[in-house]
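Notes for the one structure printed next.
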Amino acid sequence: MRERMIAEYLTTRYGLPGWLAYGGVALVQCLILLGIMMFAAALFTWMERKVAGRIQDRLGPTRVGGRFGWLQSVADGIKLLAKEDLIPKEADAVLFRLAPYISFCAAFCVYLVLPFSNGWVAQHLNVGVFFIVAVAGLEVFGVILGGYSSGSKWSLYGAMREAAQVVSYEVPLGLCVVIPVMVAGTLDLVAIGNMQRGWGVNWLVFHNPFLFITFFIYALCTVASTNRAPFDLAEAESELVAGFLTEYSGFRWSVFFMAEYGSMYAMSGLGSILFLGGWHGPIPVAEMLGLTYANHAVLGWLGDLLGACNFLFKAFLGVASMMWLRWTLPRLRIDQVMTTCLKYCVPLAAAMFVGTMLWTYALPGGLLPRSTPMGAVAEAPPWTAPRAARGE
Amino acid sequence: MELARLVPLLLLFAWLLPLGSFAAIVFAGPRMGRGGHKAAYLATGAIGAALVLSLAALGAWLWHHPLAADSQAAAPLSGDWYTLAEFGKLRLAIGYYIDALTLGMFVMVTLISTCIHVYSIGYMHEELGEVTDPLVRGSDGGPLVRPGRFPRFFQYLSLFCFSMLGLCVAGNIAMVFVFWELVGICSYLLIGFYIERRSASTAANKAFIVNRVGDFGMIVGIMILLGGLGTFAFGDHLGAGGKVEPGIFSQVRPASAEHGLVVPDGLVRMAAADRLAAVYASMPSADAAEEEIARQIPQLRRAGYGYWLLILAGLGIFCGCVGKSAQFPLHVWLPDAMEGPTPVSALIHAATMVAAGVYLVGRFYPVFAPEVLLVIAVTGCITLFLAATIAIAATDIKRVLAYSTVSQLGYMMFSLGVGGWAAGLFHLFTHACFKALLFLCSGSVIHACHTNEMTEMGGLRKKMPWTAGTMLAGCLAISGAGIPLLIGLSGYHSKDAILAQAFSFARHAPAHGWLFYVAAAGAAITAFYMFRLWFMTFAGKPRVEHIYDHAHESPAVMIVPLVILAAFAIGAGWTLPVVNWGLPELLEQARPLGTAEGFPEARTIAGLVIPAEHYSHEPALHRIVSLAAFAAALVGFLIAVAFYGLRLLSAEAARRWFAPVHWLLVHKWFFDELYDAVFVKPALFLARQAAEIDRGVIDWAADGSARLCVLIARIDDWLDRWIVDRFVNGLARWTWRLGLALRPLQSGQLRQYVVMIAVSTVTIFILVSIYRNYALLP
Amino acid sequence: MAVERVDPELVEFDVRTDEMLINMGPQHPSTHGVLRLVLRTDGEVVSSVVPHIGYLHRCAEKIGENVSPRQWIPYTDRMDYLAGMNMNLGWAMTVEKLMGLEVSEKTRHVRVMVCELNRIASHLVAAGTYGLDLGSFTPFLYCFREREKILNLFEAVCGARLTYSYIVPGGLIADLPPGWLEACERCLSELEAVVPELHAVLTSNEIFIRRTAGVGVLSPEMAIDYGCSGPVLRGSGVKWDLRRDGQPSVAGMYEDYRFEVIAQAGGSYPRDQEYPPVPPAAVLGDCWHRFYVRMLEVVQSIGLVRQAMEKYRRSADAVSEPIKITQKLPRGEAYLETEAPKGQMGFLVIGDGTAIPWRVRARSSSFCNLSVLPEISRGCLLADIPAILGSLDIVLGEIDR
Amino acid sequence: MINWHTFFFMLFATITCAFAVAVVVSANVVRMAVCLIASLAAVTGLYFLAAADFVAAMQLMIYVGGTLVLLVFGVMLTARGPFVSMKITPANWLMAGLAGGALLILLLCAAVSVDAWKTAAVAESAAGREGGHTVARIGMALLGLRVDALEQPNPALRGGMAGYLLPFEIISVHLLVVLVGAAHLARARRTKKPIEPPSGTSRAA
Amino acid sequence: MPLLNQPVSLSHYLVVGAILFACGILCMATKRNAIGVLMGVELVLNGAAVNFVAFSAPFLRGDAELALGLDGHLMTLFVIVLAAAEAAVALAIALCYYNTHATIDVDEGDELRG
């Protein structure tokens, strides 16, 4: 809603034509999100190397870009752009070109409704959770198409594995997402986040033991549905050469790559909002310092900024633990992956669902004493209030 | 969390855990590991967790209501978890009524059940594989070989624990009745566990049917209370509209009357229904009639209306308890129930289920009039004496214990009847500990010897030191051994309290003084037969060599529960100094309001006074009784030593001298024969007559009508063939021809069909728009 | 009416899919070189595997018939290039047998030392790349870090890190340099500390166990029928090790050493209580056991090296000098098999009285070990192929020669 | 001045229709599937514009996500060389085109036949941008409670408002049955081929 | 651009729905591939769903009080869910058909013709 205010301000104050004001604001927003996603991908490629290095008892990149090798991602990017752009003769050229962008778009669309802090969201959708789950599931299309259109058997194997795996893991993932939503009683991500303000005990993960377990199922399903080791069967270097990526190179390959890192970060972010308090830290620093809208709009904005840092850090931690997993564990076999999903995750998530339902029935207040009451209306910046409340 | 929410929640989980285990075993039992052995872990885990939860609940309770030397009654927690249905003011609910007694029962039941579950893992291990039952003939003439039923056993145990805990926590009579019956059905299932044995299935049936007799009385009692008071609930609870609805207890003993026994308005109205109807008829409006009735009720109450109904209700409830607690004259089922596996005997027929009757009497204590209490006392007294005498002559080790159980239950009932509320329930707890111990010990012996007959045992002390030791502790406890006036095993404290109250009662109501002497004699007999059992089993020389040779000590999984229970059998009666932690203090917290000061003199029986219990604590009185009781027990013990320990006297000779008495005792006072002659034979006769009538009259009529039907059917058949069929066949022929004509249209081409559908749709729309003047174009 | 019974062996319930023919290799990350496997797959299930070899054929044996035995030593280095010392040893001892040469005590102990060190290095590569085959990258680097230390030792001995040519017919090209034994001891103690880490990330890792236990089971009979040897044979529970059971000259090399043949017999491994227990899912002869045998042999070889160092210190004589390039071979033939890390490495040499052998042949253990692949991977999943192949631990240089 | 609502509607409508036509004219079954995805995803945008946010998310999740993954699966399982494109004769095209065209004309006529449908209530059209906030109301309606019935201005309609609990349950059971049935149907029986021994190796003598 | 200046009305939506519907019919009528037919069905269902959503929006039409409101949304939801179910079954049928006929050409499956 903030962008509408800015756009209206531009039109009324500076007399810009409406299409220019609105279009410009939308463009800026998109660019910011794109920037975040790109930056995240770049940061994480660098971090992946560093983490791998540390885990493997070596240094990781050191040469490019000074002390920590921080220019490694840039160098990688330049290398990828400079690579020869290959399309195999057997490939279905149109689909082959299209596939990476489908994946990327799906990963990017998640960011459209992902709030980074209280009300800091490109499009405040009241079915945000639902939208994210729906859009995140679309990423698999790019992979399937890419695998199919490459005209290589290894690619096709990768695509088939990806399809089977992601479609299966959507089920427990959806169930795990529904459980905190059920406790929160809303699909609105901003509302879910604000519900957990206060001290760390207010985080939904500590709401009851079932949600606590659910969080770990969610984490597992996230790893599986973003295709990270030990569930990286679609790429599976030692089995399928590189799976669906076998025939890709250069820029298109890096687009797939960015989509993967983008969705990793987005799913970690979703997890942190649903379970780990979103932008509310274990200690309500912003409220202690008086950074609230009740004091001053600027102070409130600063508090939100602090929250955004908090949120980014939590999502970052999620990605870091995914990396940790990847460099520690061997890869599972396809039948074991499916068994994990269908025989363990789904029944377990369903049981947690029932458990949470019964728990909220028996103990509506949660297990631990809450530092603020659950139903308290979170203080929100003025532009997130409904129009009627603003007197429009 | 506040106490009022926390304790019911903890107990709810403790109660439902065994149900969960039951359900799991029902659906997945045989698949739980080899032979279903994991079912045992599940069931044990569930009841163990229930024990932990119960202890937590007790802890929370004691945190809020610390024990003191002179504990005051603490307000019970009552409420509903879930309302099943509401009919006007009458509410049917899953409710709870929790006081210190409930919590004590929970801890006791779960503790003993846990021990017995663990013990059963060892005892029932034969059921894991195929079981050869030498007592039953299979279809091939040899001993029956059947698949093991290990999970089924634990499934029943879980169900039983669930039922028993439900009974304890129940907040209203309806729920009590449901769980009462559930407990009964569990008992039925477990007695008949070896269903192929004819004796087992007969015993199960007997237990069930005898209990039905008691339950009939109980239903009468419940009906009276429901009809008169209009509620099922024990305690007060919030009704519709936030109004506090009084429960049964506060109606019978309203706070306005200082918790004295008052005949409730409802019962008065019920009793004086005719007169009230007349009032209604004479008054112009219903409101005015109500006013008039309200004015008349105190007068009617004074005139004695409703008092008999109250007595009847009390007797009815007690009747149920007689059945369940195996009191005279319905005690016949319990000894037969020993056909079940020994852990079952220990759990159900000694420690918990039969105690349910006593528990219920304790729970309904505020409702009983003094007359009812007298009936209870007399019944208990007769039972304790009768059963004790039979136990002297029994040779089956489990039967001795079974009669001992009946006798001890008689003690409890007796105690409650003479006003010893706390004493009776105290004995309930201590008895549960040492009787479970005794039964498990006997199970251990049976497990080792593969026989129940004491005449085939002897000298097992050397082979089974642990069992012998723990059993000795149990015998000492049940006999009431201790250092007089100072300290003793658990049975010493509780039995002392009972006899003291009986003595106090005998002083206040001299007409019923004989009760005390019978009870004291009972104590002596108890000591005698218990030590007879111990000596015959463990002391002396082996009587049958091959049994002795094969006997062995039981595995650790069976011994550990024995040791735990032995510790409780020794120490359960103690009160820790300073902190005052002890069962009597806990029970005092649960004492029903208004019963602390005894009962006023009964209205119908002159001289019947139920004295307050604290009179019996007076040192002067207590000292006498204590010494008397100890002397009685010592006498019994010495006689046993003389006969069976040192063999100074010959049991054989004694048997010859008292041949008629022995004959009577061996035949158990001929109760079974009496019931057979009075009830069973006439019932069978009536059944035979009914069968004759069935065959001669009703079957004949049925056959005749069938013949008539056949005739009508013939006529109908003719009509069918010549009229209906011809029409139908003609129709079918035409359909056939039409089908042939339309056949080519069905080309099997999917796309063609789609085109056809599209064209038809367009056509229909155009036709409609032409004929019905719908303009498709604006 | 009789109910139609369906024989589960003959009918399967599935979506009808078509068989696919896939070339795995010769350029594939997990074929360990230039092996080409032709897979016939039905979905993820592999119905048959056909290995195609020969991409690395270099006519090594033919060259051996045109150069003198001393000159052929560098070619043996390039057979199993991960265990050059053992290849040198095999050829050197065969020629010594033909010529009837005896080597000094000191030479013998140095040979034991370097061969066992090379066995450790080879097994470390096997373990590391096996982790890689199963998708676990980290253990690979752990293993290679340790192997580098061993290669440093070899470099100090002979100047080469991979193709040593250190053991030659008649003796060694040089004695150990001063200070080498201390460096070796340091290396061994560091290595000992790393072994539990490898057990933690691989052997006892739950996913690792699930990927390997019960996969690619090779029965002892089949292993013997196909001529398998080395850890592959011992992983199937056959206690056979040429260091104990070989020809007199081979077994004699180890006669005064204390060691046991690492194979499961009677349900347990020697000294198995110190290492992760055998998981319940593991079947004797499966990938897990083959891997486990290698891991145990690493520890055993550490002990052998220590013994050899002790004996080396105590032996008074000097190392033997190698034969000359122009040394004439006697008439006659000699065949000798030694226990190389990957199995039994055999060499045949026939002399005709000149300095150049008349005939040279090599028997490769990897070749035999690879030949069981089609048998034990029939009906497995696609992901099991790298797992089975990796557990066989083949080297193409030795197969193709 | 451009009405942005209209602009986006036109954008999404064009994408929808163009890809729908592409589905029809495309011969390759995989491309058909891709076009179908694009078309259906664009329909989602139309739903958002019509203030049906929950329905839109549902369409995205179930239709575009669930159904089409299934479809793509099916396509791939059966997309082998000769079946990828199967041509039909021009006569068939003509027939189908005539029928389809007639239907299209009929529907278009119906679409513009009512005057009230052609005039938008301009004042309220901005509501579409805010999103409909229909989640809670739909959820309540599926549980049998119509909170929106109170807002219904027409008393005749308000009277007939009932919840959708029963349809919801029926649909749930229906879905279950369908999934079980589909799983059963797809598990075809066939005879296992004996696995021939590998041709490349033979036991060395 | 006059087209873009006027607000969207119900008829606009109906036209989109009609096109989707007609495309679906055309798709069903011209594809020999069973999967193609299935896609046609999806298009048809979507055309209907678009109509439902459009009819339920009050601000698209002059007679706002006649809008379907929530009922339209619910109907659309049911259509979507049933379409998913239909797709599952139809796909299973297609696979079954493929298993028995070794092709997915629907023209081949005319064993039951009259």
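Here are a few things to note about the model shown:
For reference, chains read A, B, C, D and E in written order, and residue numbers begin at 1 within each chain.
Going forward, a residue touches a chain if its C-beta (ideal position, glycine included) is under 8 Å from a C-beta of that chain, and two chains touch if they have at least 3 such contacts.
What you see is a predicted model, and the numbers here were worked out from it, not measured in a lab.
Think of each touching pair as a link: the shortest run of links from chain A to chain E has 2 of them.
Centrality by C-alpha centroid: the chain sitting nearest the overall protein C-alpha mean is A. Using CA-based centroids throughout, the chain positioned farthest away from chain B is C. A straight line joining the Cα centres of chain D and chain E is 6 Å long. Here the CA centre of chain A is 47 Å from the CA centre of chain C.
Chain centres here are Cα averages; for chain A and chain B they lie 58 Å apart.
Between chain A and chain D the centroid-to-centroid distance comes to 26 Å (mean Cα coordinates, whole Å). Chain E has residues 25, 29-32, 40, 95, 98-99 in contact with two or more other chains. With touch defined as above, residues shared between interfaces to two or more other chains in chain B number as follows: 751, 754-755, 758.
Residues 88, 92, 95-96, 99-100, 102-103, 106, 109-110, 112-115 of chain D are the ones that touch chain B when the two sit in their complex. On the side of chain A, the complex with chain C involves touching residues 52, 55-58, 153-154, 157, 229-230, 232-233, 236-241, 327-336.
Looking at the complex, you find that chain C touches chain A at residues 20, 22, 28-30, 44, 131-138, 141-142, 145, 201-202, 205, 207-208, 210-211, 381-386. Within the complex formed with chain D, the residues of chain E that make contact are 1, 3-27, 29-36, 38-40, 42-43, 46, 49-50, 53-54, 56-66, 69-70, 73-74, 76-78, 80-89, 91-96, 98-100, 103-105. Contact residues of chain A toward chain D in the complex are 18-19, 22, 92, 94-95, 98, 125-127, 130-131, 133-135, 137-138, 140-141, 144-145, 148-149, 156, 159-160, 163, 167, 170, 187, 387.
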